[in-house]
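One chain, chain A, appears in both complexes that follow, with chain B as partner in the first and chain C in the second.
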Partner chain A sequence: MTKSFAKYAMLFALSFKQAWSRKANLSGLLFFLFILLFIYNRLWEVIGLQDGVKGLNATFIWYLLLAEMIILSSPKMERVLFDDIRSGTMAYYVNKPVSFFIMRYCEGVGNMTVSFLLMGFFGCIVTFALTGTPPFAWWQFPLIVLMCYISSCINVLFYTGIGLCALWLGSIRTLAMAFERLAFIFGGAIFPLSIYPEWFVDIAKWTPFYAFYYLTIKLVYDFSWINLWNAVLLNTLWIAVILTFIGWAYAKLNKKVNIYGG
Partner chain B sequence: MADKFLNALKLFLYIQKSNIKTAFLSKADAAVNVIMMMVNNFSFIFMWWVIFENKGSVNGWNFGDMALLFGVMNNAFATFALFVRGVQQLPEFIDNGNLDNFLVSPRNSLFMVSVSESTFANWGDYLTGFLMFFISGHVSVENFFLFLLASLFAFIIMYALRVILSALAFWAADSQRLGDNIFMAFLTFSSQPASIFTGWYKVMFLTVIPAGFVSLYPVELIKEHSWSALAAMALGSTIFFILAVKIYLSGLKRYSSGNRFGVR
Partner chain C sequence: MSGIIEVKQLTKKFRLKKSNGGIKSVFRPEYKTVTAVDRISFEIGRGERVAFIGPNGAGKSTTIKMLSSILYPTSGTALVKGLVPWENRRKVARDIGTVFGQRSQLWYNLPVQDSFALMGKIYDLEEVAFKRRLSRLVRLFAIRDLLSSPTRALSLGQRMRCEIVASLLHKPQILFLDEPTIGLDVTAKEIIRDLVKKQALEEETTLLLTSHDTDDMEKVCNRVIVINKGRIIFDDSLNRLKESYLNKKYIEITTDSGEKVRQVVNTKETPVRKALDELVKKYHVADLTVENPPMEEIIKEIYGRD
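Showing the complex of A and B:
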């Protein structure tokens, strides 16, 4: 058990180091984050001035920062899995003493962690400079960030699971993009669900994005132990659902590889 | 010159025909991809509809203006992704030496790289683009032609910027994601109501990141029939296109070939 954990921890560390060495990629990511924060800060500043509401931008920009930390930090796991399955690379891994899926997942989380930490550090400085006083108490911040990190791990799991759809689809890019966009609206990733119509929020509650994104991120401006507990509970439930799907799809995949080869 | 152009056009049309044939090998897959693209677009548009439903207008812009902006953006991006998306792969071709395959071809290498990739799903962007024009509340025959013209200029700016970003790979290795992220930043900038950018923000909006050429001027052109907007777009797209080609050519001089062998 410990040995097996050590193997995966090593894969995580390796992927972390690799991601850390890609300075150009990371700079591009931080630049994109800066542009997002800058643009939406401007939007909420203008709306705040128009409506005569002070500090509107602070609430929405801190919210946006955490949302982007979850979304943008996720590597394109669905493409990695898709390539592995379609090119037959996966067949090379099935006889290795590691689970192919867990191996890829650990690599994904290692990659995500670098982006998450950097975006968190850089984003907090930029957001603080743009908006001033944050909408949360500082003692709540570590808990909020921890919840966001857990959501990011679930996000990576979700997209790794989408990659398994390569079993049935000829192209995964558009499906992943549509999911990404649905996640944006049902998870309230750019604008919080509190501004959406009630009928829409009722639908969103039935999607996993509501738990991964909205419930977690809204802690930034609406922190309470009950909200935190709700987020933990619902996220756990969705992890179970995603793992069930992955288990089923992975078994099918293994069978296919064992019968037909890569 | 005319002969060269006609030959390139013939090749271009042939490649597009092949792309469509390839996509139609699996009709269901092609249809799903186009529908997914539309779901993707309408999700984004819905977000903005919610904002305008709540706020009425944002600094003078209403949902009709946003619909025009989305129309132009979607058409421009569809043209880019369907016909010249290959330029996005240029950094990878440079890094791994695959550019050699394009350089040995008797055709213009930038043209060959550009047409080397196409995403069929982006036909969904065209459908979204035209639909957005028709719900914008600015529908007339004249406006329709202006809409097409604005989409064309927006596409040229988009393509030119992408060439410049991809050509960075001639100077900096492993710059694929950097270029992708800056291009994404440009698209994000372009899909905001231009009215939120005033003063110095507006200057930056038009120069550092030329997003204003894709969002501000097209809407002004269609809504107000502003000839100055048309002139700005025509001039902007010409300058950016020439600049992009010059940067690509100067980068090409620095390119040291890889050691792979292959013909395309």
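Showing the complex of A and C:
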């Protein structure tokens, strides 16, 4: 058990190190985040002024920052898995004492953690400079960040699972793109779901994005122990659903590798 | 059977979809069966260095994939250290090392030593044992200067040396090398061959090497299995193959004026050195190469004699 943990912890650490070494990539990400926060801050400032609501931009820009930390920090794991399966690289890991899927997942989480931490650090400074005091109490901050990190881990799991669909699909890009768009809409990644009509929110509640993104990010402006508990509970439920799918797809994939190899 | 690798009537068939580009093939696909490996049997003893050679599509890699537990066979059986590899992946993994010339197990952007450390963890090696083992392999493969370089900065030859070290860290008793010299220049190929042989001799590692470069088998192995269209057509010592089928050398010279002259030498009748002397006297040589006959020719000859 300890040895198994050690090998996956090392995979996480190496992936973290590798992601950290891609300075240009990370700089581009932070630059994009800055532009996004700046533009949306201006937008919400104008809307706030028109409606005569003070501090509207602070609420929404902190909300946007955490949403982007979850979405943008996720590496394109579906493409990694797709390439592994289609090129046959996966076959070369099955004869090593390591689980291929957990290995790739740990790599994905290591990669995501670098972006998540950097975006969090840089984004908090920028958002604080742009909007001032956040809409949550300081003691709630670590809990909100922790929930966001858990959501990011689930997000990586979700997209790693999508990668397994390479087993049946010739291209994974369309599917991943469709999920990304749905995540933006049903997860309330740009605008909180509270501004949408009720029937739309009712539909969104049945999608995993509602739990991954919205319930977690909502804690920024609507923190309560009940909301936190709801977020934990629903996320756990979706983890179980995703893991069931992954277990089933992975068994099929293993069978295929056994038969066709690389 | 008592070898470290025992193969009996091993067969692998693939079912491939036939596509004629029509709509009908989408809804009612037709399949054809391709036999990649066809009832092969052989036994390899501990410490043997076996070349598994044949042209593209002969079934070499498929056989290696079955023996290294990647693939399930269609029929037949194989034992690697007494275990059926595809049924005992985790157990067999600790006794085998695999190097695939066209794949890498090293992390592209990280120093090579990080990939080695990961391999140590994957194979659950104790820290002290890992360091001792790494230090020995680093010395043997002369890669001390490469340890802190990221994989992306290595030449193909340097990378291959590191790939082999990564596969040997857990001290496997059997090493499968699938086209380890593919794409390398002449000097790098020589270095890899020398090092692989030296390591195998020192640690009595059993080697199973696939290649379609006949020089690989000549320099590294003491036994040759030739496979073609999934069937074994030759299985004997290297000396026997040399005596019977590798008695030709192709000499190609480029003269000062750029003219190319190619000569086939029967080494049973004329030593290569003598043939070279005669060519040098006759032409102003700017460049020359000496090569073994290509794989296809050896196979044709084996079939011809049979």
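The rule is short, and it goes like this: the second predicted complex is superposed on the first by the 262 of 262 C-alpha atoms of A that agree within 3 Å, B and C clash if a C-alpha of one lies under 4 Å from a C-alpha of the other, contacts with A are read in each partner's own complex, and residues count from 1 in each chain.
The rule is short, and it goes like this: a residue touches a chain if its C-beta (ideal position, glycine included) is under 8 Å from a C-beta of that chain, and two chains touch if they have at least 3 such contacts.
All of these numbers come straight from a predicted model, not from anything done at the bench.
When the two complexes are overlaid on their common chain A, residue A:L228 makes contact with neither chain B nor chain C. Applying the stated contact rule after C-alpha superposition, one finds that A:R181 touches chain B and leaves chain C untouched.
Once chain A of one complex is fitted onto chain A of the other, the partner contacts of A:R22 extend to both chain B and chain C. Judged by the touch definition given at the top, the superposed model places A:L143 against neither chain B nor chain C.
In the superposition on chain A, contact of A:V46 is made with chain B only, not with chain C. When the two complexes are overlaid on their common chain A, residue A:I102 makes contact with neither chain B nor chain C.
When the two structures are aligned on the shared chain, A:A6 is found in touch with chain C, with no touch to chain B. Of the two partners, chain B and chain C, it is B that touches more residues of chain A. Applying the stated contact rule after C-alpha superposition, one finds that A:Y196 touches chain B and leaves chain C untouched. Under the contact criterion defined above, the residues of chain A that touch both chain B in one complex and chain C in the other are 22. Residues 22, 24-25, 27-29, 31-32, 35-36, 39, 42-43, 46-47, 50-51, 169-171, 173-175, 177-178, 180-182, 184-185, 190-191, 195-197, 200 of chain A touch chain B in their complex. Against chain A, in their complex, chain B makes its touches with residues 26, 29, 32-33, 36-37, 39-41, 43-44, 46-47, 50-51, 53-55, 58-59, 119, 121, 172-182, 184-185, 188-189, 192-193, 195-197, 201, 209. For chain C in complex with chain A, the residues that touch the partner chain are 14, 62, 65, 68-72, 85-86, 89-90, 92-94, 96, 98, 100, 103, 105, 107-110, 114-115, 117-118, 121-124, 150.
By the touch criterion stated above, chain A contacts chain C in their complex at residues 3, 6-7, 10-11, 14, 17-18, 21-22, 89, 91-92, 94-98, 257-262.
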